[in-house]
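Both complexes shown next keep chain A, but they swap its partner, so chain B is in the first and chain C is in the second.
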Partner chain A sequence: MVITLLSTGLLIGCLYALMALALSLSYRASEITNFAQGDTASLSAYLLLLWAMNWQWSLYIALPLVLLFAFGLGWMTERLLAWIPDPNHFKSVILTLGLQILCFGIITSIWGSEQQSLHIFPQADLLTLGQWQFNSRDLISFGVAVLLMLGVGVGLRYSRLGLMIQASQQNPTAARLLGISVSKMRALSFGISGMIGAIAALLISPIVSLDPSMMWEPLLKGFAAAVLGGMRSLKGAILGGLLLGIAESFFGYYISLPYKSLLALTLIVIVLWLKPRGLGEAKHQIKL
Partner chain B sequence: MSYLLQIDDLGHQFGEIVALEAVDLSLATQSCLAIVGPNGAGKSTLFNCISGLYRPLRGTLSFRGQSLLGKSIEQIARLGIARTFQQPKLFASLSVLQHLQLAQAPYGPLRGTLPLLRQILADCGLSALQGQKPPSLSFGQQKSLSIARCLASHAQLILLDEPAAGLSEAEKTAFIHLIQDLRTKYQFSILLVEHQLTIVEALADEVLLLDQGKSLIQANWEAVKRSTEWQKYKG
Partner chain C sequence: MAPKQFLKYSIGILLGLGLLSLPLFGSAASIRLVELVLIYSIAGMGLQLLTGQAGLISLGQAGFMAIGAYTTAYLLQLGWPLALAIPLAVLLSGLVGILLAIPANRLSGPYLAIVSLAFGIGISSWISHTNWLGASSGMRVLTPQQLPETGLYFMIVIISFVAYIGASVLRSSKWGLIWQGIREQEILIAHLGIKAAYYKSWAFVICAAFAGLAGALWALYLTYLSPTSFGFTLSISLLAGIVLGGLYKLEGAILGIALLSLLKQNLLPTDLSSLGWVLEGAILMLFMLALPQRLWQIIQTKWL
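The block that comes next holds the complex of A and B.
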């Protein structure tokens, strides 16, 4: 049972970690929590439903287009934030909430509030490994999430754009003095986080079905995970997501299934109270 | 004669406080001009105007014949002006080598740049530290890294803001030799703000005396020392 709970927790934790990663990436670029992240991701999933299922486009065409759309939506969110006159934190957060409501409104007005199925994954098979059984679809989701997290980590660490994004996030003025366009790097960060959010929504869609509020809970859990790991730490956010997924899985089995969602909210309160910078952030706070 | 950097009648103020009143300056290619003057003379404001952090309210400022007025910080950097600070502005999560890669990043792909970057690290005495991150470097090593980063960005003009501040006597001597060697090899120009006159004497081809936001005299070190402006300043 422990292995089953652990594997279930890891799978759902990976999806939380993706949302946390997306939130953390945009937060590092702007110091703003992008609350539109969840509903822009839902909108992307609905677009895939429209193009791949309703219009019967090939998945090889529809999927890249959806990811491009999600990237553009993230980019546009950052541009809107940059255009706020006399910007401050409150106005910025209100703007992301406004975008969230707008995306929710677009989804409900076009697709209604009924649940819909998005069948983009192959039929799920049960795979047996010794005494344990795994769902093939879950394994694919897990693999995609892990590859994506590794890809973002490696890209940020070793690629030219990754270095520029890191520098822009750590010290914008010093980055500009090196000739780096910080505003482009911010928009790029939002674009990438939009794309990560959309992939999380597509991986979650077989579990929860498509409905306009499908990403509210994952967004909340991703936010809790990012707070737990430290909003400015990508590794911390990922670790926070995995820990939250596993903790929920055990809490749901041993303590209470209906109340397991409260765990994330409780964690947010406890972490913000005891360690407001999260668990993984202290290392890179050195000012030079 | 055409200069690499030419500044005429530059003025800047913060509200009612005049920081720069009338600064004139000319810097020839591959030369070093030291700016000296008391605290509050406007040296840092001048550096901030050249690098685009402040927008001057009056005067002209041109680099390689091109006006810098109205250009953004990153546009000015891309023209070939790099800068160091008294407290090095480094990135805590990047290694020494990555700092140099970052300096090259805005100009194109990183492929093929590694031999040049390793050479710069060797010339700056940082080869053995290429995998280290700034928090584990000494203050002197952090300053060397700031200069190595300027070289990696192919800057033609480097603004050195009090580079010897906080260095020990041995580090200062090493720093003078380092800059002299690098200038010979990489052929860049320097605008130097420095309070320590031994450093100025060792590095500068010319000295500009600045006081209360005004240029008083620009000449070679010996001529400046003989000038009445200098005697008044020292007195």
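The block that comes next holds the complex of A and C.
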């Protein structure tokens, strides 16, 4: 039983980790929590539904196009945020909320609020490994998520572009002096976040099936995971996501299944109450 | 009396007379609509005090409305009189507001938004899994027999008037000024020896109490409660309303909410009601990008 709980927890935790990774990547770039992360991702998933299922495009064309769209949407979010006159947290939060409800409205107006299913994954088979059984679809989404996280980590650390992104996040002034376009790097981070979010939405879609509010819960879980791991740390966000997934799966089995989704919400409130800037964040600073 | 004040009072009196005499000539549908607008306005006034006046963002307004509504419904089921149920609903919402205020006091900006969002969604999610509150299938509100249709209308009109007076008194009192100070320069307020955390907590509690009041009335209006009516979109609608009204003025908040609900209820065809969300999203974004002001500036410099 423990193994089953652990593996389902790990699987869902991977998806939370992806959301947390996306949130924390854009947070590091701009100190902005992107509330639109969830619904822009659902919009991308719906576009894939339209292109691959309704219009019968090949998945090899539709999928890259959708990812490009998600990247563009993320990029546009950052450009909009940069366009706010005398920006502050308040305005940025409300702007991303506005974008979120806008995407939600667009999805609901076009596709309606009933659930739809997206069959892009191959039919699920049960694989038997020793005494445990695994769903092949789960294994695929687990693999994609792990590869994506590794890819982002390696890309940020070892590629030139990744180092440029990191430099502009850590010290914008110095990066600008070195000739890095900080605003472009910021937009790039948002674009990558958008893409990660879209992939998370596609991986979640076989579990919850598409509906306009499908990404609200994962977004909240992503927030919880990111807060747990410290918003600025990518490793922390991923670890937070995995831990949250496992904790939820055990909580659901041993304590109470219906109240499972409250766990993440309670965690957010308690963690931020004890550590107002999230775990693993530097000391509370007030900018004068 | 200064002309501006005179104008304000005469508009207020005319509006009051119009509202009180509406049942004489208005249709049932128009009465329902006015009731809805007034209920939203009460919740919006609380949000205006918190978000507009004190600059503290809250995405949990719908959760507090749910507390008010479910408390009223539950107490009415137990056979309590309405005159006790509503004040208790307001009190309970305010008390839960303290629970939000404790973590929220230490937070700023995006973290506050996340916590209040978690709070609001947590409340409705808890209700949808709690059996004695009807879980996800909902809960019937036993409206008292002695309350006729116009009785509810007059009650809502009078209560929202009292709420408006209360909110405007609060705004112009010392508290309102301190809230404004917290919005503009929290550090300065702290340096003046004022305990900002204390006043921030009260802002959360008062905002929650207004939402609870609105929720209690909404329970009587809906007569059937379901957790989905208190979702995240309701909080966003209220926020969009007060942003449309310019954030900083109480009257603006009421006007914005009224305008937005009229637009959504009347102008949009029913099969396209989800365009209301698109509208709200566009309002939130455009106002944060200050497009209306920018447009106005362009118009002023080019043509005026």
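Assume the second predicted complex is superposed on the first by the 275 of 288 C-alpha atoms of A that agree within 3 Å, B and C clash if a C-alpha of one lies under 4 Å from a C-alpha of the other, contacts with A are read in each partner's own complex, and residues count from 1 in each chain.
By our rule, a contact is a pair of C-beta atoms (placed from the backbone, for glycine too) under 8 Å apart; a residue touches a chain by one contact, two chains touch by 3 or more.
Treat the numbers as computed from the prediction; the structure is a model and nothing was measured.
Colleague: Overlaying on chain A: chain B and chain C, fit or clash?
Modeller: These partners fit in the superposed model.
Colleague: By the touch definition at the top of the document, which applies to A:Lys235: first (chain B), second (chain C), both, or neither?
Modeller: neither
Colleague: Once the shared chain is lined up, is A:Arg137 touching chain B (first), chain C (second), both, or neither of them?
Modeller: Neither partner.
Colleague: Name the contact category of A:Ile180: first (chain B only), second (chain C only), both, or neither.
Modeller: first
Colleague: Figure out whether A:Ile106 sits in contact with chain B (first) or chain C (second), or with both, or with neither.
Modeller: second
Colleague: Counting residues of chain A in contact, which comes out ahead: chain B or chain C?
Modeller: C
Colleague: Quick check on the superposed pair: does A:Arg160 touch chain B, chain C, both, or neither? Answer first, second, both or neither.
Modeller: In the superposed model, A:Arg160 contacts chain B only, not chain C.
Colleague: With the two complexes superposed on chain A, say which partner A:Phe223 touches: chain B (first), chain C (second), both, or neither.
Modeller: Only chain C is touched by A:Phe223; chain B is not.
Colleague: Considering only the touch criterion stated at the top, classify A:Ile268 as touching first (chain B), second (chain C), both, or neither.
Modeller: The second partner, chain C, only.
Colleague: If we overlay the two complexes on their shared chain A, which of chain B and chain C does A:Gln170 touch? Say first, second, both or neither.
Modeller: A:Gln170 sits against chain B, while chain C stays out of touch.
Colleague: Quick test of understanding: once the structures are aligned on A, what is the angle at the Cα centre of chain A formed with chain B and chain C, as a multiple of 10 degrees?
Modeller: One gets 100 degrees for this angle.
Colleague: Once both structures are overlaid on their shared chain, how near does any Cα of chain B get to a Cα of chain C? Whole angstrom is fine.
Modeller: The answer for the closest chain B-chain C C-alpha pair is 22 Å.
Colleague: Residue by residue on chain A, keep only those touching chain B in one complex and chain C in the other, then list them.
Modeller: The answer is residues 286, 288 of chain A.
Colleague: Which residues of chain A touch chain B in the complex?
Modeller: Touching chain B from chain A are residues 160-161, 163-164, 166-167, 170-171, 173-174, 176-182, 284, 286, 288.
Colleague: Would you tell me which residues of chain A are touching chain C in their complex?
Modeller: Chain A residues touching chain C: 27, 31-33, 35, 80, 83-85, 88-95, 97-106, 108-109, 113, 216, 220, 223-224, 227, 258-259, 261-262, 264-266, 268-270, 272-273, 276-278, 286, 288.
Colleague: Considering the complex alone, what residue numbers of chain B touch chain A?
Modeller: Counting only chain B, the residues touching chain A are 51, 53, 72-74, 77-78, 82-83, 87-94, 98, 101-103, 105-107, 109-110, 134-135, 142, 149, 153.
Colleague: Taking the touch rule as given, give the residues of chain C at its contact with chain A in the complex, in rising order.
Modeller: Residue list for chain C touching chain A: 55, 57, 59, 102-103, 106-111, 113-115, 117-119, 121-122, 125-126, 129, 187, 232-233, 236, 239-240, 243, 272, 274-285, 288-290, 294.
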